[in-house]
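In the two assemblies presented below, chain A is common to both, partnered first by chain B and then by chain C.
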Partner chain A sequence: MTETIKDKVRAFVIENFLFGDTSYDLADTASLIENDIIDSTGVLELVAFIEDQFGIVMGDADIVPANLDSLARISAFIEARVGAPATA
Partner chain B sequence: MCGFGGYFGSIPDAKHLLERMVSAIAHRGPDENGVFVDKEAGLGHARLSIVGLGDGQQPMSDESGELTIAFNGEIFNYVELRDELRAKGRRFRTSSDTEVILHLYDVMGEECLSRLNGDFSFAIWDRRRQRMMLARDRMGVRPLFYMNHGGTLYFASEIKALLQVPGVSAELDPIALDQIFTLWAPIAPRTGFRDIHELEPAHLMIAEKGKVAIRPYWQLDYPDRGASPLFTDDRAAAEELRALLTDATRIRMRADVPVGSYLSGGLDSSIVAAMATGMAPQGLRTFSVTFDSVEHDESAFQMEMATALGTHHSAVACRAGDIARSFPEVIRFAERPIIRTAPAPLYQLSGLVREQGLKVVLTGEGADEVFAGYDIFKEARVRRFCGRQPGSRMRPHLFRKLYPYIPGLQQQSAEYLAAFFGAGDVPLDDPLFSHRPRFKSTAATKIFFSGDLRTRLSNYDAAEDLASRLPAAFGRWHPLHQAQYLESRFLLPGYILSSQGDRMAMAHGIEGRFPFLDHRLVEFATRLPPEIKLKGLVEKHILREATKDLLPPSIGQRTKQPYRAPDSHSFTGVGELDYVRDVMSEARVSDSGLFNAKAVTKLYEKCQSQPVTGFRDNAAFVGVLSTQLWLQAFTGTSVRAAEAA
Partner chain C sequence: MRFEQFLIGNAGRQAAKTALVTDRRRLSYGEFDDLTGRLAAALARAGVKRNDRVLVFMDNCWEAAVSIFAILKAGATFSPINASTKADKLAYIITDCEAAAILTQAKLMPIVAEAQALSGNSDLFVASTAAPNGQTPADAISFETCLAEVATPVPHRGIDVDLAMLIYTSGSTGRPKGVMMTHRNIDAASDSITTYLRNEPDDIILNVLPLAFDYGLYQMLMAIRIGATLVLEKSFAFPHAIFERIREEGVTGFPLVPTMAAMILQMRDLEPGFLPSLRYLSNTAAALPPPHIARLRELFPGARLYSMYGLTECKRCTYLPPEELDRRPGSVGIAIPNTEAFVVDDEGQRAPPGVPGELVIRGPHVMQGYWRNDAATERMLRPGTNRWEKVLYTGDLFQADEEGFLYFVGRKDDIIKTRGEKVAPKEVETVLHAHPGIAEAVVVGVADPVLGHAIAALVVLSDPSLTDKDIIRHCARHLEDFMVPKIVEFRTELPKTDTGKVSRRLAAETMEPAQ
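Moving on, here comes the complex of A and B:
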């Protein structure tokens, strides 16, 4: 399950933010902000992807770097929240 | 205002070459043209007649015939200088400012530059000494480019004139491209063209006896932090500022043709227009550009100000598709790739001024650099504030206040705001502290560089290159002054005054004049305490104080709205013209060798499909498109860029 989620997230990030550049060495724990992969508009694109793809409704409190700033964090967040309610 | 070209050396068929050079920049001077050919040097000139309409033809020689000048621009204090020179027995044959420079050079040599208050670039051929002198104004309003080809020095107001020299071909400089995709502009003297250089603002060049020497004649300087303030109370500072700005505007109204004013609806151009209205007994003409999109349009403020001043106002609408239609011409005139479309509406605006029969406009450009108006100054202050308490959840909310016009930012958490602006991440003593987030977010566009280009650039770092050029005193200045220096010394001449300024105005033969860049006002403002320029998070505080009686409160108290234009979305929908699809096609992008063609195709598709596009994607799209258009305009479609040097 975790692997599948991470694969989907990785594929989205590569397609949408790295424009298909599979040669980019994107570590699971690499910060998407510090590595200039994502900007403020990109965060909203990522939220839309998570909501559409995994049926999660993200509350404002969910949209923080602690949940979304690396492939590993995004995957862990989704895994924990699939089927669970959003925080306020 | 005009354009000129010339050479120093011995070349065949000089007259025809000069005629071709002048013809290439005829848009700068549609009124007259002329050439001068000597044994070892030549000058050509295209004239836009503004001062001395009947007797200011150029190139102009002095009475002895030993000195000859080609001059682009205006010397605003020429009346006072001429009176001084006459008092010393000098006789004038014309009513032009051009002749004043010739006399002053004859008396003072290159030291004459210290006496000139103006926007200028010129070349003086001194036959007696067999030397060519080139010079450019202090802030970089007027352009001047040069190259050495076959042992001859060539120079011109625009690069397209230099490309007329036999054997010269255009090659894109990869380092310049990296600088544009990081800093928004090449670092002078580098231009977008390999082996073609720009004479830096406030510099002169002396070429004689086979040698070329370049040196500054003026420097932008700030007091050391902690130095005694020039003023201890706002009122005295405001009075002095008002007097200087009034005089700066007064001498910029000098012309033998009517002078109009741009009116953006913001504080700076409103101040200039208000001052000029009182100095234009025939009434002032004002000009604006409007946008369909609410987030870019300021027409309500423009109309309010025009009505308040009683100006004869004209506006041109920048509608969907207009930017795309003009963009190839914009790049041909800008002569460099750009990462924003903002010059395009200004190209339209200068066209409107020309249609309405004017040649000269005042603008409010420069106030944001001189009096600390840009958001980036406030952003740096907030970042320092956040850096003092890195875990604070409250402090980063201030970033929202800075950028109300960026929708994506308004919805972000405090944690994300802190992360996006690198609050606490950049060392406080980093000389580029104020600009690091901008440079970093802009450099993210380089993800689209091809593997080949990255290899050629090796480990080149544009931001570090910039940092290495800062003056020794820079580290002793207040952080706000450091940030102002970076804007004033690099981005102002490198982008604002060139790609958005001179090039877009002169494309239609329009001369822009900039009261806020009068060097007396600039020098005065550098010595003002930082806290009366940026007071808390209120930008240009002292300027507002000095001019509050001139403007309606709704304008005078208005928070700065940066001038922006729609970027990638200008080229989708009705703006998706055939040429856009063509130059952005995978085949054409691949052919240029500069960008990852597959990634660019995905970027194009993303910009087409999404209603909102982020900063990086917008900048990358415009950057790639403009680079492709640059290659098409100057090198032919299939020519690759030069090796990095």
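Moving on, here comes the complex of A and C:
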């Protein structure tokens, strides 16, 4: 079975923000900020991951909670962008 | 004057004006005054008395703002605690200050319950906000119920030399120290700062910094003092979203730390003048690199930029008048109004211009000392020229130019500044040493373009199966977020001095700056 976008994002978040703690019950829709999973420098790391891993160029206006504040939102954002031309 | 009088006075003059804006609630001065009065009455009914210590363990939410002023109205002393504090440190603070009460949020109740058990303090009054499902956690009184109390003024008989707040700061011994500030201290500091920032009642100040960090806390205290509006946000994680708030609310004042400036400068699509409502930006915690200052001035051409320097023990020491920025971009300026700042040599004599020495601060903003820690107090507060007063030895090395403008040179001790907050390496090392798989560890700061300094741990393992992630996870369970190491390096031995003592200085020299 191929690894889905959501699996990749989850693996990245667990590895980098939960430091490999797979016992943490991270719901797909849980806010990463409200639950203190990522902070401001974490968002920068997340953006670098999305750009490197999926070849997406994120404009400032893309880096907002609506796109990045839960596993589900991040995955939906990437799915919408993969294959679509990057906006300037 | 006691500080809550500013809120009461402004509520009397401008009850309908907006005092506080958060994502969930806007409060007018009248509402803010009323809610704080209700909570103060509830605290008094719960047995909180004059000079009792009450912890505010919350993130940046309207309830935290209400709690702080309610505690003052109850005649008590507030202590704001960073929301990422873990149970063992919270337990230490509960015991150290003999807290009478703690006001918190549902999501933090597991930490409070664990800390309460560790501290053995079963008398603590605990009030918590409701969870998203509307339930108040077991073992806590409902915050909403407290707000249903009638706002009868509490006859506490407190005066302005009573303690208003206790701010815990990372201690070089590995244990936090409570900085004692009276109402008069806060009055003096906020008067001085609002004077040089030229704050006006029509200012709208945005704060994304934690209220547990004195720079964040003072944004609220100053806004209420001058009758202005505070827009309170939880973090700067999404700068674009914060800029939208600045536009929506017409924000005029925007306090920064260097990490935020570095994040702004990494953004790609910003146009000069994109936030025209801003009148001023301020920076403190560490000096901005001159190229960052230049770029900020390009992006915010209509705003004054203040470079400042301070420490919790006196709130703020110096500021650079914005008109001096072109001539001396590397300076953090001169003493704030109605205070003195000067450089002394090892004998305590004033150092001439160009000669580095320790910065000493004198004025009505200087703390009363550390809570029940005379030894640490005596190191920081020492006799001055006048027999009746003590002056503050900052532990920071500075030098002055010929015209008296001050330049930061370095720390006298090992304190690391990361994301604008101070971290004592010892506090992190204590947590590392508590791990059974770690034989030895030393913690140093490594220069980092965004964080200022990143926390790095050099570790000798006794359990070779441990990974860097295991160690970071262990630290994350016991330390506030900003204290958790970003870098872990494994060594077979740690650098030591000739006498065999682990040397942080030698350890730092073995580290490369982060990219």
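Going forward, the second predicted complex is superposed on the first by the 81 of 88 C-alpha atoms of A that agree within 3 Å, B and C clash if a C-alpha of one lies under 4 Å from a C-alpha of the other, contacts with A are read in each partner's own complex, and residues count from 1 in each chain.
Quick note on the criterion: a residue touches a chain if its C-beta (ideal position, glycine included) is under 8 Å from a C-beta of that chain, and two chains touch if they have at least 3 such contacts.
All of these numbers come straight from a predicted model, not from anything done at the bench.
Q: After superposition on the shared chain, which partner residues are touched by A:33: those of chain B (first), chain C (second), both, or neither?
A: In the superposition, A:33 contacts both chain B and chain C.
Q: Could you look at A:59 and tell me whether it touches chain B, chain C, both or neither (first, second, both, neither)?
A: second
Q: Which chain A residues contact chain B in one complex and chain C in the other?
A: Residues common to the chain A contacts of chain C and of chain B are 15, 18-21, 33-34, 36, 39-44, 60-61, 63-65, 69, listed in rising order.
Q: Which bits of chain A are touching chain B when the two form their complex?
A: Going through chain A, the ones touching chain B are 15-16, 18-21, 24, 33-34, 36-37, 39-45, 60-61, 63-66, 69.
Q: Looking at the complex, which residues from chain C come into contact with chain A?
A: Residues of chain C touching chain A: 83-84, 107, 234-241, 259-260, 263, 266-270, 419, 450-451, 467, 469-470, 472-473, 476, 481.
Q: Using the touch rule from the top, collect the residues of chain B that touch chain A in their complex.
A: Of all residues in chain B, those touching chain A are 406, 408-409, 411-413, 415-416, 419-420, 425, 440-441, 443-444, 447-448, 596, 598-600, 602-603, 606, 610, 612-617.
Q: What residues on chain A touch chain C, complex-wise?
A: Listed in rising order, the residues of chain A that touch chain C are 15, 18-21, 33-36, 38-44, 59-61, 63-65, 68-69.
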